[in-house]
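What follows are several structures.
One chain, chain A, appears in both complexes that follow, with chain B as partner in the first and chain C in the second.
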Partner chain A sequence: MKKVKTFLLLNFFFLVLPNLCFAEERLIEIKAKKFSYTPNIIKVKKGDLVRVRLISEDVHHGFFLDGYNIETSAYPGVDGSVSFVANKTGRFTFRCSVTCGDFHPYMVGYLIVEPNIRFYTFIFLVIFLGLGSILLLFFKREKVNDKDKLFGLIDLNWRFELTKFKIIRTLFKSRWFPLLLLIFNLFVFTVILIAGFIGGYQAGNYNFGIMIVWILWWVLLMLILVPVFSRAWCMMCPFPIFSDWFQRKRLFAVNQDKPSGLNLKWPKKLKNMWLMNIVFLFTTFFSGFFTVRPFATFVLLGFIILLAFIIGMIFEKRSFCLYICPISGFQGLYSQFAMSEIRVKNPEICKKHTPKTCFVGNENGYGCPWLLTPFDFKKNTYCGMCTECFKTCPYDNMAFNLRPPGVDLLVDTKREPKGLDEAWKAFIMLGIAIVFFLAYQGPWGFIKDMARATTLDGYLRFIIFHTIFNLLVIPAVFFVFVYLSKLFSGNKEIPLKKVFINFAYTLVPIGLGVWITFSLGIILPNGSYILHILSDPFAWGWNLFGTANFPWTPVFTGIMGYLQGITLIIFYLFSLAYGFRLSKQVYPELKQAKYGWIPIFSFLTLITLIFLWLFIG
Partner chain B sequence: MRRKSVIISISVILIVLFGLIVYRGFRYTRGVPVSVEKKEKPVLEVPFIDIDIDLAKDISLEVWNRIPPKEIELNYQVTILPWGKSLISPIIVKAFHNKKFIFFYIRYKDETENRTISTNKFSDAVAIMFPLEDKVQPATLMMGFLGEVNIWQWKASQDKEYWLKTSAENKVYTDFYYPFEEKELFPVSKDVHRSAVNDLVAIRVGTITPKENQNVHGRGFWKDGYWNVIFKRSFEPPDEHSAKFVIGEKRLCAFAVWEGEKGDRGGRKSISDWVEVIIK
Partner chain C sequence: MKRNEIIAVILVILATVGTVVGIFGIEKYRRAKLFTVELIARQPAHGNWYPRRIKVPFGKEVRIIIRNIETVSHGFALPAFNVAVPEIKAGEVVVVRFTPDKKGTFPFMCTVWCSDEHMDMTGELVVE
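Showing the complex of A and B:
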């Protein structure tokens, strides 16, 4: 009881009393200039009366404060002002509420109302849960016959077959599926291309192409499609549809003749993710253009469609999707975490079945366009979910299953000696998330100026930093922890490369979590623009659905910090859960696995804390 | 071999086509270029006529009939909020000088005479803006991008107080001229106008300042749905912040009109582009 009293008293003196005694009136002059605020980070104490005077130095700018939902705006020479009592603690983003140019959606600053209890709470939770997991590891006795359960709750072998329902199986076996989805998306992307072409330098937030591709599609991909449905986007992606039609010489029916085109085999040396890694990284060099300028999006998408068609004419089947497509690589990587899969129901049936119609095709469907052997699928990584194997299997032996998230991470086929490509994909995705956050959700104007190529010199610096950070710095830091892992484990026989590659998969859950967190920062503040562009896709003054005049309305941005913190913690826990299992796969003895796990655990905890600081700190 | 050639040809054609589309896109990303004829600035000639006008008597309409009218088109002010919701255009402008004074006459159609200001009631007004610096921006939009300007603003409400000696405010101010107190406890300071025209100086938006000495006079008459407004100032500039007129030289000016009935005030007004003034 005495301890409780002391604790309460200390709390009062150190947390409550300072806020009661020292609340003051703060007059803050914020200068707004394309596309940043000065000061860009403002700190006040809880209870302070904050008076903001907004001064525009170039064009009409706005000031909307998340969480407090207050707004003002300023013209050059006509200042805006707003006052409020900072009665909510935490970090709140203030953002421009008036479309002021191409980077308008990225024009933000931070108001930190101290004490930032939300941030400290999440920091505490990460450390508490992380150390708790380590303690459990060392002090909990494992029972020999225990089933391997995720967080002690979900059996990793649990599967629920969705295709056992007749309606779903019939759908998967129909040739209309996924063709209708493809045609629908072909229509949508045609509108996107037209809007991109005629949109020119139009503000991106009022352009159909920009909003559908970089706000709606990207967020759907990261929030739902990949984590839940694996590579479902590849199933309905319209980009390779022209080369499919060209190769097959049919729009709908199955043609068993020799495909048209040169039908060459993809070079053996390039049968990995390296080319995709490079293409994706190269594409992100231009993120400061195509995420805000409609015509840049047109060029990017148009080039991808053209390249997909030309590659389809030269090389066999979906070589483009497998080895070049910049979107394919990260989908493949993160689909290992997905909660669904396409697998064989009974491998024994496949063993006896010749010829393997899922691979060579028959009158009902084509042999796997992704050049895989569906009869021995182990991982989602390279399966484009085209459902041809459902159509060609005469025994209905293919299944679409729900499963615990992340089980593919424990499948150790193709990890070494060639697994470095997938490892680097994980590093690149993590690094790009950091750079994108700094450039597009951070308050630092000079980085935005570099990313949008205000000066050639700055833009080149951005590209060099971006490349070195992603290809070298992150892998190098990770390597240090991997080296320590081997040192801690005491195992001298195991190759360092094997340890490096295997542990790289621990970055998949946290990487996906970071992208989901990042995506929340895109969709919640900017999602309302979608209502406008749906009604007026070409900016011709249409009002198709009556929403053309719907104002910009940030949604749930007040609680976005909580959502982001919770997301990071959940995916951190997944990384820990699979990380130790990977450690057990790497090191032959349990003791080695435990000690070898500590440095990797530290690395994961460190990057989770870094991302917490970036997003809500 | 034939198949290879066909595929290479198709690829090349597609790449070239895409390249052409991208080229066109880059060329026209800001819209299809159109050639716009450079509009000549309207020219307002200011002849010498050896006549003086005594504004206290009348505005001598018969004098103005001797001078050819110049029609000036006005536009909505859409650069800064609040945007104008009504448009008064065109206006008729005439001017002359007698070497001692310079006179400007503005006539425009306005169905209602708004000389009274009250809650949600605004005065009609007209203004002329003269740039004081040599380097002048090509448009009158956003005075914020200009250098120093001298503005003469005639207000109908001020005209009423100055010439007709009656209050332009409705009698709704509870503590304005409180009738029951011998001594006003909370006196309200109110300028006594020295003219119906405000002589103002500004360097950009938000900096309009009345000058210490008010040098411009003016008067307006509303008749049959038209305002007739006269501005009068000494030909020689009374101070360094006043528009300067030199015989034989060109000057620029711009016009603005506020229609009180439609809620025009402040930035909500109709504006003209630059007009060339030639002093003869």
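Showing the complex of A and C:
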């Protein structure tokens, strides 16, 4: 009898009581107006019965809730309603499901079903793993003669040569490669330009150009091309094909005559990333236009193609790609993290080999168009992977290797030094990720109004904030931690600038991780548009593949939070792993390296937590 | 080598000029097969229907491609021939087909409250 009583009592406390006391019926009125919801962040408790009434204040808007996959829509004067039991915890985004205007894909709000267990779990994981790494650092005895292994698993010197397979080497040596890829992309971009031109000023989510460039291409770049294949995009980028053709006077064959055009040397002072930093930051000012307006994408791409051609006529080889192209800079920086590389196999062979055909060119190929010295370069940063060196080397001494991600971050040679330009590139990329998230994946309508220039005043404020935040605020905050690092280390001789530059490279892995996380938030909700635009690229009522009427379908958006959290943690760990190695490079003594690492570790942990909060908190 | 060079040049021309000519050529052919009118839907404040007056031949099937190039929803109704599209979302393209079996001038209009001047968003269809 007593047992039954206890059982009933326990039942009452743990099953009945929580439901009686906490689960309620919640009626939530959401007002939708271009391009935000009020309220924009809704908190409910697990188990609540949520009834949503959607009220439109201007045009036909929709409401689609990630994870629950429920939908409703409202016309002005005709409300929509939907109800559900909040039985999944976490933060879920609700999105407009009816094309309502240019910023329609960015019209979102958050529903937080408390307790937000996934957020707390990831916070705990970051702190646990982070502190764990510090404890290991201080209490684990270092073994002498130990190989330097990433996470104690992968030897940093491990390489797997892919070109040892004959088929890959033959491919790399063929002059059709990467020319055919280039021509294919030329075709794709011609279609994009046509679609952009006739697409005009309409909403971009049914436009071929917008979807291929900003949904597919950008996401591929961040998700696969850069992290795995380094600058593989530069290999197949069609934009410089015309200037190459003009300079070489040949498209396919090798022409050893003097190249046409002025072939000036690029000014030495500009042989760094500063110009690209500025050009890229400047380009992002207009992100609120060219990611949603087809014609703006047309103008942007047209301008880049034209500029590439003009620069190609004036300056030698790939000067445009090396020092101007807006997207070249971050590919260069982040490809230092990439899992593959083009390197020389045996430097001894090169030492005896004169003249260096990989640099000057021969009848089989051109001297490195990216102005590198293929026989001894150590970093991916400026290698455009054009594979000319595979063609020019008579000893087949070039290799395309798989490698542990991130090893270039530790390279600091006289010819390929670490510099402030690359440090600032790392800051800018981190800052842009934050601003883009706030503007395009956040629920705040006023930021969207600023970014799409509803008022000139707001737009100017957006630009100014964006610029100052990226160029000054982030570096300043980082500087404080660098200063602390020097203080903690107790080393007085080492120049602060060196500490600053070296530690800035710890932002590369986490920065790339943040962009991957951000990209998941682009492709998973909006990827289904691609099926539509492939079938009807010019909005002329075509149906090439029978998918023109495929409805907008978010994919895996319910578990997106987990994917984003896992991505951030993985790249956070990479940042820590390389951070301490960089610390050992900065400070001459191990003890200094350990203490000097603590402030930088704190900074990395802090920004990881901030991004976790932004993405899933 | 010479032959490959020519192939490469041809491929590049196909990828650029060929694509442009091909795409517009196919569309032109498609439209020639069936009498086609392109109608652009805009709020009166942004230019209204374009063109506002459509001429179609009598007795043969015609097709109207309605492109909503705006950022709000519109609708389309041509009551005389029982043609209606309840909603054309922003950026959407809708194709309607019908056979004009009456001669004369008939009104068509927007059927979604698209702006304050929604009631002015009308046009005429002329069957000759």
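Here is the rule we use: the second predicted complex is superposed on the first by the 592 of 617 C-alpha atoms of A that agree within 3 Å, B and C clash if a C-alpha of one lies under 4 Å from a C-alpha of the other, contacts with A are read in each partner's own complex, and residues count from 1 in each chain.
The rule we apply is simple: a residue touches a chain if its C-beta (ideal position, glycine included) is under 8 Å from a C-beta of that chain, and two chains touch if they have at least 3 such contacts.
Computed from a predicted structure; not experimentally measured.
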When the two structures are laid over each other on chain A, do chain B and chain C clash or fit? clash
A:261 contacts which: chain B (first), chain C (second), both, neither? first
In the superposed arrangement, does chain B or chain C reach more residues of chain A? C
Going by the contact rule set out at the top, does A:252 touch chain B (first), chain C (second), both, or neither? second
What is the contact status of A:191 with respect to chain B (first) and chain C (second): first, second, both, or neither? second
Please work out whether A:314 is in contact with chain B alone, chain C alone, both, or neither, and reply first, second, both or neither. first
Could you look at A:75 and tell me whether it touches chain B, chain C, both or neither (first, second, both, neither)? both
Taking the superposition on A as described, I'd like to know which of chain B and chain C A:206 touches: first, second, both or neither. second
After superposition on the shared chain, which partner residues are touched by A:295: those of chain B (first), chain C (second), both, or neither? first
Could you look at A:175 and tell me whether it touches chain B, chain C, both or neither (first, second, both, neither)? second
Given 3-11, 21-29, 39-47 or 75-83, which one is the stretch of chain B whose C-alpha atoms run into chain C? 75-83
So the chain A residues that chain B and chain C both touch are 75-77, 200-201
For chain C, which residues are in contact with chain A within the complex? 1-2, 4-5, 7-9, 11-12, 14-16, 19-20, 23, 27, 30, 65, 67-73, 87, 89-95, 112-114
Write out the stretch or stretches of chain B touching chain A in their complex. 3-4, 7, 10-11, 14-15, 18, 21-22, 25-26, 28-31, 80-81, 144, 204-207
Taking the touch rule as given, give the residues of chain A at its contact with chain B in the complex, in rising order. 75-78, 197, 200-201, 260-262, 295, 298-299, 302-303, 306, 309-310, 313-314
Which bits of chain A are touching chain C when the two form their complex? 34, 58-60, 75-77, 98-102, 104, 175-176, 179-180, 183-184, 186-187, 190-191, 194, 200-207, 241, 245, 250-253, 536, 538-541
